[in-house]
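Chain naming follows the written order as A, B, C and D, and within any one chain the residues start at number 1.
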Amino acid sequence: MSDIHNRIAASFNEQGLMATIGAKLALVSDGEVHIALPYSERLSQQHGYVHAGAITSILDSACGYAALTKAPSECDVVTAEFKINFLRPALGDHFLAIGRVQSSGRLLTICTGEVRAFSGPGSTHKVVALMQATIVNVGQ
Amino acid sequence: MSDIHNRIAASFNEQGLMATIGAKLALVSDGEVHIALPYSERLSQQHGYVHAGAITSILDSACGYAALTKAPSECDVVTAEFKINFLRPALGDHFLAIGRVQSSGRLLTICTGEVRAFSGPGSTHKVVALMQATIVNVGQ
Amino acid sequence: MSDIHNRIAASFNEQGLMATIGAKLALVSDGEVHIALPYSERLSQQHGYVHAGAITSILDSACGYAALTKAPSECDVVTAEFKINFLRPALGDHFLAIGRVQSSGRLLTICTGEVRAFSGPGSTHKVVALMQATIVNVGQ
Amino acid sequence: MSDIHNRIAASFNEQGLMATIGAKLALVSDGEVHIALPYSERLSQQHGYVHAGAITSILDSACGYAALTKAPSECDVVTAEFKINFLRPALGDHFLAIGRVQSSGRLLTICTGEVRAFSGPGSTHKVVALMQATIVNVGQ
């Protein structure tokens, strides 16, 4: 998994948007990737919660990189589509997006994912969003 | 429509994420809202295209504000969920997200939307994403 | 279009489910397919409306066959996924599912679709469902 | 749970479509409902697999009834929308749709679900479909 971790870390560092919103790659394992996001006013929607677009951005990247852990080594991945439900306002100190592979074929990988909100140290989390995504393997 | 335009412009200006990614409110009409986004490296994914998360962020906001034009004046709106397909890489000088109300009830509003990519002045556009979203009216 | 009409009609006739629910192929044109469904108690949900599953079945088939009109002649298509919103109860004498291609690539075709409900002769319709679907070209 | 089981069983028996396709209510527990479907040629798509519409129908009902187990007793539920991925062809002797509540609020319930395919006695299953659904509580 070290090769795939390095490959994903390098790719993540090339994603301008992840730096712009302050997201960090937190975990790469076989079929699962975590991305962390601290709260910032720069990410807010009109009521001060984190904008659905920022929550979606980290979860899309988490699902895409989870899919990449299952792709043939000569392939890259692109998101064909996803669907996301927002379960409650994205309130918290920091957030963790978790993407997991549910099924991977030669061409398409199906992932599910969630974003957890944490408030304060040692706190339990609340799930604020659920995603179901379709990712395509493409030749590099 | 002037009241609703002012209300949406004020709300848009409170969305930290829209300022962070450089998005502008471009049109508010009855049941339709446009949001513009210039290309920036700060919004990229690993191949230099605009990240799906940035495309999704402006389209989510466009659909939500389109729904707000149909909501009772005492209500605000929140996105319950959406689904988005990415039709091609988000390549272009600038992008326009268009959200349109398809059906609005007392409680739920259904919107569809698209993001158009433009390259150079006078160019025709290409549609890079399609969304179908469910927005909920909530008491303020 | 005559070849593709014949091919789709033959395929439709092999779909046991379409006969079981009483659906008919109503139109095949380039990038658009219509499927008609008369009301029947045999298709109801618990309040007597047509079940979301029957509405979904005809719209899935309409989108899939619309995609087939754009596929290479040596390919068949399978539905990778779809999302459907139900806008109002499926009340009516008969229903028409309309699937339309929005984008077709070598591998994936994106369709949108709607189901219209009609009550009585000469009536205007109401849209009861909206779909956005991803269809995959597969070698036969 | 006996009251809710009886209520769901009575509602299920009023769903004409479930009888038409041969589906049976298999389990009702708090936040989870199972619906079983034996294979039949009457449910096929053009290659003889079970049609995506039949798979979707039982999973929609399973998610809706799972949501009903969490709804206030004076409410009924309707499906606002769902998204479903088809992971592989629906091949098997019989199928089991499992709907589970992930989050339930005053107004909206979010469910996820899967359909498992079984071939022969004692066989392990394969997951053929994944759903993420939004269900609305409505006054009866």
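For the reader, a short list of remarks on this structure follows.
What we mean here is this: contacts are C-beta pairs under 8 Å (C-beta built on N, C-alpha and C of every residue); 3 or more make two chains touch, one makes a residue touch a chain.
Keep in mind it's a predicted model, so treat the numbers as computed, not measured.
The chains in contact with chain A as well as with chain D are B, C. When you average the Cα atoms of each chain and compare centres, the chain farthest from chain D turns out to be B.
At the interface between chain B and chain D, over half of the residue numbers involved are used by both copies, so each side presents largely the same positions. One finds 21 Å separating the Cα centroids of chain C and chain D. Measuring from the averaged C-alpha position of chain A to that of chain C gives a distance of 33 Å. Within chain A, the positions touching two or more other chains are listed as 80-81, 83, 85, 134. Viewed as a network of touching protein chains, the structure reduces to a complete graph with every chain in contact with every other. Taken together, the chain B residues at the contact with chain C in this complex read 83, 85, 87-88, 102-103, 105, 110, 112, 127, 130, 132, 134.
Note for the complex: chain C touches chain D at residues 11-12, 14-21, 40-46, 51-54, 56-58, 60-61, 78-86, 89.
Only residues 80-81, 83, 107-108, 134, 136 of chain B touch chain D when the two sit together in their complex.
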